[in-house]
Each structure stands twice: as structure tokens, then as C-alpha cells.
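The chains carry the letters A, B, C and D, assigned in the order they are written, with residues numbered from 1 in each.
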């Protein structure tokens, strides 16, 4: 494909604006030519103008009919992802889709089938794969220098719990939050997950229980390659976003610590204090959001493989559903049951 | 009790010599006056002489009849601990007993009953409670400064797998190795464990499977106080002894890293290298072994409470048995089932 | 001042392009409207087009006559800075000037007088003041929480020596490289330097000696507020850019370590390896270059004080000249001698 | 020499008791057979009894006449070291002597001559050479793996200033405190110091000035092998004993951080806190004191070279005198001037 990749942004909420700003400012090989949002408003229009996007509309379908559009970024609400993906595929547009594709496995499979039939590129936005730290873990494991993977450990804790309004419609901790870690587990292990067992508790706020949800969870995993693993999640780590991964292999271990706000150490008679981790995902994965889009643009322009496939978008959803089932039924659940 | 505590050492293998040497060299308030070992040999006698122990015998029973003896250190093979404990209790001797008391719950209960009836002090040798790192985690949690405990995480990996001869009679990874971590879990959480689920695999050496054992395991725990936790064990971490603990609480997290051989950092064009963790338990828990005995001696001499009670000796055995059951049956197991 | 700040970029070499790209992409309140470079070429024009700069010229003077231009960024060769500053001041343009203003004290004083007379804003490009690490050191000291500053220590080592062609015209290690650290010393101490003593050696390459220069240097400093300090520089740290600062005060110490490429730790039987520091100033001070310009734009638009004044531009030049004198004469040299 | 090394302890103050306790408890190849102290008192006798030393006297000369004594540990006040060393040498006793041998160069030379003539072993107590951290720095440099040494940096800061009574007779910061670092500099560089320049200030307590002393000092060094270096000292680092060393070489850098009380990290909304460095030299160099004596005992028993020779005892005294001269005269001072 010659020239710049011309992108239509579908959905201009927080994540849509983030991607849009990145494309306009720091991705020289791409440009947003239209923003479509059914709830288009003045704030969105002002933002679009400020980053040099020439056109805004509240009609999503315009985008699919526009022959100028090479690719779409699906950044709308989760329930609309799959249908937009199907429309985009049918219109022959390449697709970057925020996670999750959907929370219903059948719907995801329908969307993936459409993508396959259309032969367009699809990349799902599991942004943590592009983080300089986690990527180092994965690359070290994938290089084979440490031999076979034995144990995958992931710590993932949000700095503050979302409002109950959000919790209510979130799909629960496994589909909303740990889904990132299920993807990370597959990415680090280089293998599919075959079974999970979940423990969970409401320790931050008893109201989570009202929605059959928990705010604190630990999940053990079995992988197809024989490795085992564990993920722990909390909705509230008051010291900041806690994002650590660790893989133990035959010949050694690779692990990454949190990024900190700075490297300072202040030593006094009272003690030694260091900087806290970067606050939340916008701070921690700031550069990863850029690399993610760069890789997608490069994959489309130069016909390379995308780094997070449709299958990679489906698998964590299944694992999340299995984890929820395990929690509710108090037993190990195989992914093949889902 | 006035003057020095007079101790009989029962069993002069590796751990017996370690405690004996510590008592003679660095515990001014105690002295070993006799070593009894049914397999008493020249090597043991030479060691006893070198640390100034005046008398050796191969007759364990002499010790119980000796009115000079205030306390016994039970450092013989595991299967003899409970019976020696009962004899010592009946003879009115205070008891320091290496872990585990026994692998049979009924036998442990019998021994604890004897101790209770005799009214002697009993301390069980869960040495890691005296480690400067883990103790800091526990003290921080126990202080309440971080609020209620939510998640307890323990990493415990040995540097090298034991010989298969040992594995065969070890009782399996849960009773032999993870038992330390089950104790640590109770110690850090300040609460009893109520349920476990175990995942395990033979990744180091397939021969572990011959003995219904695994070499790699992850166990999730539920605690009576509502917290949840996870422990991971490996029989072989080629970089050295990996001993880390971490507790997440309402207001924050306390965690400890490994002790390293030194604090060096060597930076070259090829990379940055640091020292490895201290090799194994003798190096890592060197000082903890001393504090453990100091505390016991102090508890007896000054009639204080011991820091690892008989009940603390029993509980991890039950958890280990439950973990093994979970692994074999592929389901969560409640401790109350044991 | 209403609207965006309209900037003329004077000099489109490496640093000019860096600032220009940042202004165009990530400084919403400013825009480059013209690039002037006496050696304007196709490469510069292509770059300008790629970041949306509408006009290029090889005539610097056009800029001063252009009433649209609010401010100039002086990024040309060092020997031209002072004269351009004078012209810009006379034309009533605000000035961002790369360091150093000049290597001749009288010439700097002449330029500063012109700026003062014109009443325009002037900010000198000591970018390290805007680094998240060093800024934390400075802010901690300036807050007074640690009491009076006692000792300032700065480590500053480049990853690789420049070519001898550059060394020849560089002005020597003190004016070319340690000048950043002299500025840092004043910034961290919150006080002027009054005396220096320099030790130096040619340990990387004996050819430095051909130009009365050294490749390795240590300089001790006395400050007006009674503190003392030390800076060490090397032209070649093969492991990467080594940029650490440390201030010891009455009540404690604040120090910062290097930023690393990632937080990974790989542990094997052979040892433990970590990531290296970010490679050089473009990587390490990437964000600082952005903050620096943001602050300048804000100072001009909102009539605030600039963070690196003309006086801050002059003082390190004097210290550098004194350090060179100290090295050559083998004695402490007071800044008042310069 | 067959059997245990029989040692007479000369001086039973703090450091004498420390060495005596170590010999009795953890050095199996040696024993203290007599303690001589002109101020022998009940406290010293009680201590001697508690560690199993059979005989105490207030007559130092008895020791030299006692044919049972193989070696003496000179732990008396500094001004008596040289004369005792001469007596011991003449009596054919091997000598471990606390630092410094004396503060007068001529007196040291006289004592060293006596040692040389007698052909006895002499080891001077620069204990930091035996520290696991600094020794790693030295061994890395000495191995040649990093190539030629370029820059030696030493940070050495005491947790609390001594009483003025002590300062008055201490000989000043260079002879009393930095002398350890001058030895460390020679040890790490593997080369003699040829010149120093000192900066100093009274920032902790103005009373230091009453005794021509300073409480804060930085000294630059030139080494015979072309390397340069810097040491900074403070009498008061409220966060604890700060003992770091760092050597930059042709191919890279080796550095060591402080030992900490534990590896804990506590993270809350308020910040992240870590443990402080071990408090002072008794804590930090606890093991080094043991290795130091082990090495001396081994050198005598097996006729090996001692690790800190008489010359190593003299050189730092000369450097300290030169540093004081530099501070008072405000100029670089060559060691050859002393």
C-alpha cells in the first residue's frame, strides 16, 4: 500500500481520543481522516480539530461507504465491537479493534469469520503486549535461552476501584480486568490455557457481591505446553498500578518490576523512601499505546502479520468465562467446556 | 530458671550439628551438656569435642533420666520426633522440635496432648519465622498499619532438586517443602487456612511422578479471616534459593526480595550483572537459626510464650495433606476434611 | 499573549529538528512558522514539510523582520548564538537559546545586556533541569525538608567519545560536556559556585592531549552557601549514559539512579542480569526536551518567569573556564578570577 | 605451625573485646590465652570469663615474656600501637595491629623496621578490605575483566558525629576517619596515591573548627597508575552508615550499594519505603571483622602472606597527612612531600 494509511476512528471516547492523538502526532505513516461517533458532540469536534482531523460525523455507516478509508479503529462501546467489525470486514477495511471483541463467544466467532472471509487485517488492542517490560519477559522466554517455561506469574492490580455504575455493566473482574492478564499469560507462555481455577473475595467493597462479582481474585492456570501459572488481581492498590510479570523456566527466571515515577531515593533518620509506580494504564502504557498502533500501521502498509490476531482476541474471553464459572461453581474448569 | 539452660541434643545430623554449634558459640545463656544419637559415631564425637560438648551417647533414654537436662532439642529423623516428644514431656523436659512433628495428624495430636499434660514448653522449628525479611512482612501486617490483609503471596524455590532416594521417602513436595510456606502463610496472614486447591507438574524430572509427587506446584489458599493467597514451589531454581513474600492489604503492600551475596552491580557494553541470591537455606537462614534458638532459650528461662507453638506445628501438616489430596483429586479441599 | 506562540527556528541541525518536531507534535500552544538556516538544504526542507512547517529560508534576517514571529529558537552553531540573540532582542522577539550562549564571557554579557534592554524573555537550553529524576532531587532540596545542603555529587559519563574532529573545536571537556554539570550543580545547590579545583587525565584516548584536553575529569566545587561538591565526567562509559545526582543535606540525602531500558531481571546459574541505562541524551532526556519547551512557551504566553535565565546561561561558562584554568595551572581557581 | 594459634590480646576496650569474642567463638584454629590491659578491671575480667579466656593481667610485658604466646592482637589506644609492635616483634610474636599504627610517620617506620628485622608476620586492621561488597569491587578490578582502572569513587559517611572530647584528640577527619578510605582507594585501584587535594567544611557542628578540623570533606586523588579518584566523608549521615564504592574502568564499571537491614518495601498511597542501611561499622562490618582475623590466623599458621601489610599500614597515614596539609594550605599536595 503506498502513501499514508487513512484511518476512520469509530468512537471518540477516552480510548478513541488517545489513539487518535497518537496517530496524528507521532505516527507519520498514518492519518485519521474521519471520526465517527453516534454521540458526536462539541467536545469531540474540538478535540478532532485540535489534532488536525478534518471531518466528524455521527453516522458510522458513512465510514464503510467511504472509499478513502483504508482502515478503521473500533473504539466504541464493547457491545458494538463485533457488529462494527463485521461491517468493516464486509467493506474491505482493515481493522484495529479495542478489547474485548465481545463478551459472547458465538458473536466473536461470527465476527472473526467475517474478517477471515474478507481477508482484511485484524489487530486486537491488547496493549500490554507492547510494553517495554512485559515484552522483554516474552522475548526472553520466546528466545529459548532459558529453556522450557515452567511457571508463569502475573500480578495486576488497579490503583482504584471503578464506580459501581461501571462494575454493574462491566461483565465482572474476569472479563473486564483479568482478561488482559489472560492474554498476557498466553503471550508469555507461548501456549494456550487449558484449565483454570479461581478464588475470589469482596475485600475492597462488599457491593461487588451484589453483581455476583469480586474485587480481589487469584486464578491458577494450566497451559497446553505443561506449564502452570497464577494471576492475581485487585481492584484497588492504593500505591498505584501494580503490573509485574515473571516466568520461571528450566534454566532460570525472567521478571519485571513496575515502572516508577522517577528513580529517587530519599534517606533520612525516619527511613528511606522511593517513588511510587506510575499511576494507571495511561501513564504506564503510554508508549505501548504508540507501539501498538505503529505495529498495526506497519502490518497493513507492508502486509506483515499483526501481533494480536483475532484468535488472540477470542481466547482470553473464553478463559475469562471459564474463570467466572470456576468461581461460581467452586471447581476447576477446562477451557474446552466453554 | 536460674543460670544457663542445660540442653540435650537428640540427633547429631546436619541440623542437629547446626543448632549445637550455635548454642555453644553464640547463645551465652545455654549450653549443650549431652549429645545422644542412636547412630553415634566418631565424626559426631569429633564435632561435639570441637564445640565443647562434654558428653556423647548412643542411648537416647539416658537423656530423659538425667536430672541435669532442662531441655531437649529433637533433631533426629522425622518419624522419631513425636515419640521423643512424648518421652521428653513425660520426663518434664522443655522441647525444641524440628519440623514436622510427624506426618500423621493423630500422632501429632497425641504428642501435643502429652506436652500439654506435662506443662512443658514446646517450640517447633519453623525457622523462617525468624528471618529478618519475612519477620518484617509479618510485623508490618500485624501492626495493623496497612489495615486488613487481602492477599498473601509466597514464592519458595529450592536451588537444586534432592536425590530421588530422598524424594521417595520425603512425603512429597507439600509435606516436605511447601510445609514451610503453609506455616509462613498462617504467620503472615495472622489467620488459619481453611481451604486449598493445588496445581502441580513434573517439569524438572519426570521421575517425581513415580512417587505420586510433583516438582513444581502452585497452591491457592483461603483464610479464616477472608483473605486469599497463593504459594508457588519449585524443586529447582538454578539461580539459587528464591524466598520472597508479599502481603497486600487494605492500605498498601509489604514485600521482601531475596538476600543477595553482595550488592555489586557490574555494568559493561554487554549488560549489567548483579549478585545472585544466597545459595540455600543454610546461607539464607543462617541468622534465623540463631534467633530461633535464642527465643526458645529466652522463653524457657524467663517463662515467656514460645513463638511457634505445638498448634503451629500441627496446622501446616493438615494443610499439606489437604494440598496433596487436592492435587490427586483435582478439586478444592477444605482443611476441615482432614 | 493570545493564541498560539509563533516560533521561528534558527538552525535545523539535530537539535533544531528535535525542538521543531516536539513543538509541532506535542506542544499544542505553539507552532513553528518558519525555519531559517544559512545552509538550508533538501533534507531540512523535507523534514519541515513532514512536521507541517509551512516555510523555509536560508536568510536568517528575514525572521527578525517578520512581524508574525513571536519567538526564536536559536539552534545554530555555538559561535553564532550570541549575535543572533542580540538581533532577536533588538527585533523584540522572545528567545530560546541552546547552550552555551557563547564561550566568551564578554560576548555573553553583551548579549544579555541586549536582552535586558529589549525586555524580552530569554531561556537557555539546560535541558537536564527538566529531567524527572534530577528535578526530583532539586525539588526535594529546594523544599527545605532535608535542611541545609552539605554536599552535591554529580556523575555524568557519555557512552562513547566524540570524533577527534569534534574534540578539536569543542572547547574542551569543561566547556563542552561538564558545563551541563556545572549548571546542574548550581541548580541542585540553589547557590553559586565560588571556586573549583580540577583533576583530569587522558585514559580513553591519548589524542585528547593533543588539544590540551582530557577525556576523564573530576572537579571539586565550593558554593557560596558553604556547601561543597564534586563532579566526575568521562567521555566513554561503555555501558551507556551515566547520569546520577545526589545531594546530602543536614537531615538526609536525596539521590537518583539512571533510567534503564526496562525493569527486567534475568536470573540463571551464571548470574543475574538487568537492563542497561538508556543509551544517550536523546533517549534519557527525551521527555525533558519536551518539558523544557513547554515551560518556555508557557512563560512567554502567560508572562511567567523562565526557568533558566540568561544569568544561568553565563555562570556555567565562567565555572568551566575556571576549571580549565585549574587543570592547566594545577591549583584551585576562584570564579571571581574569571 | 601445628595446633591452634595462641593469642594474647593487648587492650580490652570495644575493639579488643570484639576481636576476642570472635576468636573464641568462631575461629576454631585460634584461642586467646591471655588478655593484658594496663587498665584491667572487673568488667574486662567478666567478659574474658564469659568467652572462656583463662587469664587476665594488667602487665602488658608479661605477654612478651610468655613463650606460650604465638601472636599478639594490639587493640590498645593508638599512641601505644607502635611501641607495643616493637616489643612484640623483638619477642618474636606475630602481630595483628589495629589501625592506625601511629599518626607519626617516623614512628611507624621505626616499628616496621623492627617487624622486618624480627621476620614476624604483621597484619594491620583495615577491616573494610574484608567486606563482601568492597571485596567484590576490588576482585572485579583486580581480575582485569574490566581493563585498566580510570576513576575510583568512595562514599563514606558515619551515622553520627563523635563527641567533641573524641574529636579533640582524634587527629582530625583525615587521620581518624578518611584513613579507612585512603586504604580502600589503594586497595581498589591496586596502585599508590601520589597526590591529593582536599576541600572541607564545618557543616554539622561549628565546634569542629576549634580543633582545625572539618566535619565534611571531599578529597581528590591521583594514583601512580594514572587513575584519578575522589572520596567524600561526613561525620553525620542521619539515615545510617553510608559505605559505597565504585570503580570505572576501560570496559565498564563495578559498584556496590549499602547493605540494608532487610529487603522490605512497603507501598502505600503516601509512598514507598525501604529499610535503612545497617546502622554503623559494628553492624556493617560484622562479618568482615571475622574474615579479617581468619585470614590472619591462616597466614600465620600456614605461612601465607598477610592481606594488609605494614606498608599498607603506613601509606594511608601519609595520604591523610597530605590531605590535612592540602586543606590548611589550599593547594594540591604530593605524597612525596610528606
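Assorted remarks:
Convention: contacts are C-beta pairs under 8 Å (C-beta built on N, C-alpha and C of every residue); 3 or more make two chains touch, one makes a residue touch a chain.
Everything numeric here is computed off the predicted structure, so don't read it as measured data.
Fewest steps needed to get from chain B to chain D, stepping only to touching chains, is 1.
Annotation, chain A versus chain C: rotation angle of 180 degrees from the Cα superposition, expressed as a multiple of 5.
The most distant chain from chain C is B, comparing centres defined as mean Cα coordinates. In terms of C-beta pairs in contact, A-B outnumbers the other of A-B and B-C. Both chain A and chain D derive from one sequence, and where they touch, over half of the residue numbers involved are common to the two copies. Chain A and chain C have Cα centroids separated by 39 Å.
Inter-chain spacing, taken between the CA centroids of chain B and chain C, is 58 Å. A straight line joining the Cα centres of chain A and chain B is 42 Å long.
Of all residues in chain B, those that touch two or more other chains are 237-239, 251-253, 265, 267-269, 275. Interchain contacts join each chain to each other chain, per the touch definition above. On the chain B side of its complex with chain C, the touching residues are 237-240, 265, 267-269, 271-277. If you check the complex, the residues on chain D that touch chain B are 25-26, 28, 50, 132-133, 136-137, 140, 146, 251-259, 261-269, 275.
Remark: chain C residues 148, 150-151, 153, 155, 157, 197, 199-201, 203-204, 216, 218, 220, 222, 226-230, 232, 234, 237-239, 242, 248, 250-253, 330-332 touch chain D in the complex.
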